[in-house]
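Paired with subunit B in one complex and with subunit C in the other, subunit A is shared by the two complexes that follow.
Let's look at the complex of A and B:
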């Protein structure tokens, strides 16, 4: 049996005090100076360890507080009160919400699964991936114990084209030539960043983490430098649509390369295959109204990998106010390829809007083989998604001076947490191989479908059949 | 040298953003940082002194008008802390006018702009404390 895949986390404390959710207000003038001070009795020592960063204007108490309310309830004079920190609420945007950023920071620091001890009191459905519930099937089938190591749950996938079937001659020799494949132990690839690429420290962090967990990372030729040469085995050069050069130096020694889709992309693929037939060539296709047809054409023509990308908030690129979310667009494309009997031969990578660990299996259930992630990696490096860098302003957490070793560890920790959550989910589903999760929509419930089936006949303007 | 101004702004009062501030005082004239707080009563004397210690020319707390604080008396306590912090600065020889408190109602942008311009004028007048102390 091959050695078990494992990601080892090492705690990596943040360099800057994180913006916390809590906002404690202290009317200290009323303090009696009594001997039963709740600040001294804090279980987590948040008052004792309190620090204030006058550069970023962040107080550590907001981040360290665990919301036990012990100090608020037990102070004899009631000098403390608690609310939500407005700086926390302002982080990110309406997709990259403060809770996502905070969760990612926790995972990058500890490598552990974030647990909400106070239960979930939020809504049961929401936009995007929140309208999709994975079905924990342990009620009807035995679970698999991958977390504690009693069983092996594989999260490895093969990136590349697969044969439709195998043919052998009379002596049992394989008649068909096998296509090159790149095996990655986790269905996650590091994508190029939509913003915030503030220097080589970030790229080295991603490359170091990719090497440690055995994954791959995309790199554009303009970002590539000699500093990335030692990481060639991890790199997927992303060749631009303009100025395509099949002999670029960046292509030497890489296992996989990706091209932006252009109408004559097939000629470019052939040029790359002529130079090195063992190199997997992927095509990056924007998700839009034509993506379904183009993806099917490419797959029928022999494409090895198709990378479907949405924008960083997970919306497809269409004119108008109602772009589909990545999950709907992906399901549509996957189903189209299944109906065309070509889905098993091609590898689909999806990117855009993959923000949390749960989004990874959800994207796979919707039909992707792997996901390429971008902003979660940057958030792991303490990014606050303030987008000041997009306006040419200074980064509040000085990402331009990032130490690559520290950055790598934070990304490895994040991936460890995502990997743990993936096998936890697969264990509950009773599935032992992530390749079997792909397209398993029977293991998920979609709010829109349930709503339509339940209330469509009453409120949907349709007559009951 | 550009004056550095730190604004502690109650989120229920005039919760200005960086963009709003830049429209009032352009970025090339002053370095202005904003910290939005749940209440002006959240401001600690330590916040104010640390801001001045780390190079701010002037610190300003923006709180709600008297009687309108959602925490009942947070703005009054912030005012007391400003006076206390200024007394400490004065004793240290840095003057008693580096920290100020203004009370502005939510949505009163003109008052906020006027208060910020006034603070900017004052900051240019008094200059950085490191130079003044030297």
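Let's look at the complex of A and C:
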């Protein structure tokens, strides 16, 4: 059995008071100043521990409050009031919702899986990844001991081209050479950011974290600098379509390189393979209406890795109002490759809209081998997805001054939590190896299918859109 | 204690209501509002006016139409009524503020709220929240309410085990010693007994203070086997195997170290302060045959006991159900994926296994096709919040339900979901902290849960009457009595 993979979290408290969901309005007027003040009796000492950050003009009370309403209900004069913090609701956008941002901060701070009491609080189902559930096995399955360490659940994958089968000569020697593979212990790669490229502190944070957890990160030539040289083993240079140079310095000593898809991409792949056959070459292909045909052609031609990317909210790049979400587009492409009998030979990386830990196994179930993630990494560094940086405005959490050591710990913590959650879902599914999760839609349930089989069967007729 | 509805007000100074009534300094304590308001919002405390009981306020629209609007009646313009802004911070998609407030009201009074609150459905946008009853324009027969039967049988196998009938189509979900306070456990158990139904010990052992309720208690055999002894199996009439829990299907249980106090450790035969895991699955069960062996053990120890098998809702839940039946179960208990818990990973609560609304008809249909539906009692849980959820679950194919969270809400749970944080529940429900546990007295708690069930039963009877049914048993699987908002 290989050495057990482990990510060690170390708590990394936020530098800025996080924006909390709760909003407590504490009127001083009318207060009786009673000796048994409900504020003193707060179970979580929220009032006692509250602090005021003079720089950001924020009171930590909203962040610490656990929404139990006890002070509100017991204050003799009723001078305390509660609401939802409007600043919380304003965070992010309709994909990168405040809850996602908040949940990611917690994980980046603690490295722990978010755990809570009471049942699920959210909607019955939702768009995108929220319209699928992962399965569990009632009895026949590996035990939960895999989660707690006595048995092994592997989350490792090999990135690269796989032989369909092995052939030997009469003396038992392999007839064909094996393709180069890059093994990563967690099916996550750090992507370039859609925005928020605020300097080398961020890149060094990602690189440091990638090294600690044994993963890889993309870097574009314009962002690359000498400061990243010590991290060559972690880097995947992402070569732009314009100005392709197969001999660029950035390529020295890296295990893998990625090219943007262009119609003659295959020539470029060949040039790179000629220079170093042991370097894995990946092709970054936008998810659009041609993607599945192109992906199949590339795979049949011998592509090692195809990186299918959607926009940062998980939508494919098509004209018109109804782009498919990455989940549907990916299932389509994966199935197409399966039907073309080429799926097992090529590695598929997917990116765009992977926001929560659960999206990772779900994307893998839909057909990816690994996911490349972007904004969660930035959110781990306290980003609020305010997008001010896209307009050249200042960053509210001063990411330009980020200390790389602190930053990489936050990212490591987030990945520790994602890794634990991946194992939880795999444990429940009864799958010991993440490579077997790929395309395993039989271990998932889709909203449309369940609705059709249940309510469609009962109520018949046409489902209203 | 004689079983009857008794008004049992909140433990808190202010009950959160839909409207907020504020009294200004202009008030001259003339009592004009006391006379005007038929809801009892305003009252006089000595010579001055008391803080308005604004959770009883039915709002300006109703009052204006009845010419009883205190704001207009006040000669000094001292009153103001508006939607309570706090309500926005209360509740969630599944348990909306309206559901919380209406459940609190039912627990207080045993009646439906007079305030305009949506007490039947939540706002989750699917499942029960999209189902409605399809009532005939006129009931086929006019049945007096006292002739309508809400009881169900728990032994439909017709074997030599106990013949148990419960008066209402629900019993209680297991909440372990160590996960909730003693007073919460006893409150719930007493309410169950008063209603002629069952409480459940959960998997944390069988504490002595529950012995008086033996006849109406279910004891759980879960994968950790905590506190399971021959003696505890023999105490009860129903034994429940917990294979999985809807909130964390396939993950087993986890009692955090902080909650493993001296007493909890003793009960569970474990070490104080160390976290306890219930593994997943039963390490001695990897097939239906293994499962039968377990059932046989129980029957050897307590031959007349009914055996319930509590499972979660995987894609093949129908196969699990039939396997459980053939292994000898009297009750197949499906716990849907949106069910409650004291602590579970958020990722599990949201993502693993299917919601109960899909599992009930799937299993019901399959058991019918296999010709054994009338030999097994099908119980559903995991997201049963209201009397209407109970009715819908039954119309989809269950015989009855298990209630968990609703009973906690009756004890004034706000679903803040911090059951596992710090010293435990700020409401004294999910805690082993002795000081916090004192926040609930058994008389108060039992009556609140009793009142809630009373209100539920009335609603169940009311719906059956409208459907022209004499018994809840007639409703099982009657999906023709339902409609779904997404389908024509």
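Brief remarks on what is shown
Please note the rule applied: the second predicted complex is superposed on the first by the 441 of 465 C-alpha atoms of A that agree within 3 Å, B and C clash if a C-alpha of one lies under 4 Å from a C-alpha of the other, contacts with A are read in each partner's own complex, and residues count from 1 in each chain.
Note that in this section a residue touches a chain if its C-beta (ideal position, glycine included) is under 8 Å from a C-beta of that chain, and two chains touch if they have at least 3 such contacts.
In this text, all values refer to a predicted model and were calculated from it rather than measured experimentally.
Look at A:156: by the touch rule set out above, it reaches neither subunit B nor subunit C. By the touch criterion defined above, A:23 reaches both subunit B and subunit C.
In the superposition on chain A, contact of A:81 is made with both subunit B and subunit C. In the superposition on chain A, A:52 makes contact with subunit B only, while subunit C stays out of contact range. Comparing subunit B with subunit C, the partner in contact with more residues of subunit A is C.
Look at A:67: by the touch rule set out above, it reaches subunit C but stays clear of subunit B.
Within the superposed three-chain model, A:90 lies in touch with subunit B and out of touch with subunit C [touch as defined at top]. Of the two partner chains, neither subunit B nor subunit C is touched by A:233. Note: residues 23, 81, 83-84 of subunit A belong to the subunit B contact set and to the subunit C contact set alike, using the contact criterion stated above. Chain contact summary for the complex, subunit C toward subunit A: residues 10, 12-16, 51, 85-86, 88-90, 92-95, 123-127, 129-130, 243-244, 246-247, 249-252, 277, 279-283, 285-287, 290-291, 311-312, 314-317, 320, 337-355, 357-358, 361-362, 382-383, 405, 413-423, 426-427, 430, 436, 479, 482-488.
Touching subunit B in their complex are the following residues of subunit A: 23-27, 29, 52, 54-55, 57, 59, 81, 83-87, 90. The touching residues of subunit A, counted against subunit C in their complex, run 22-23, 43-44, 66-70, 72-76, 78, 81-84, 103, 113-125, 133-141, 143-145, 147-148, 356-358, 362, 421, 424-425, 427-430, 442, 445, 450-451, 453-464. Every residue of subunit B that touches subunit A in the complex is listed here, in rising order: 6, 8, 11, 15, 33-39, 41-42, 44, 46-47, 50-51, 53-54, 56, 71, 73-74, 77, 80.
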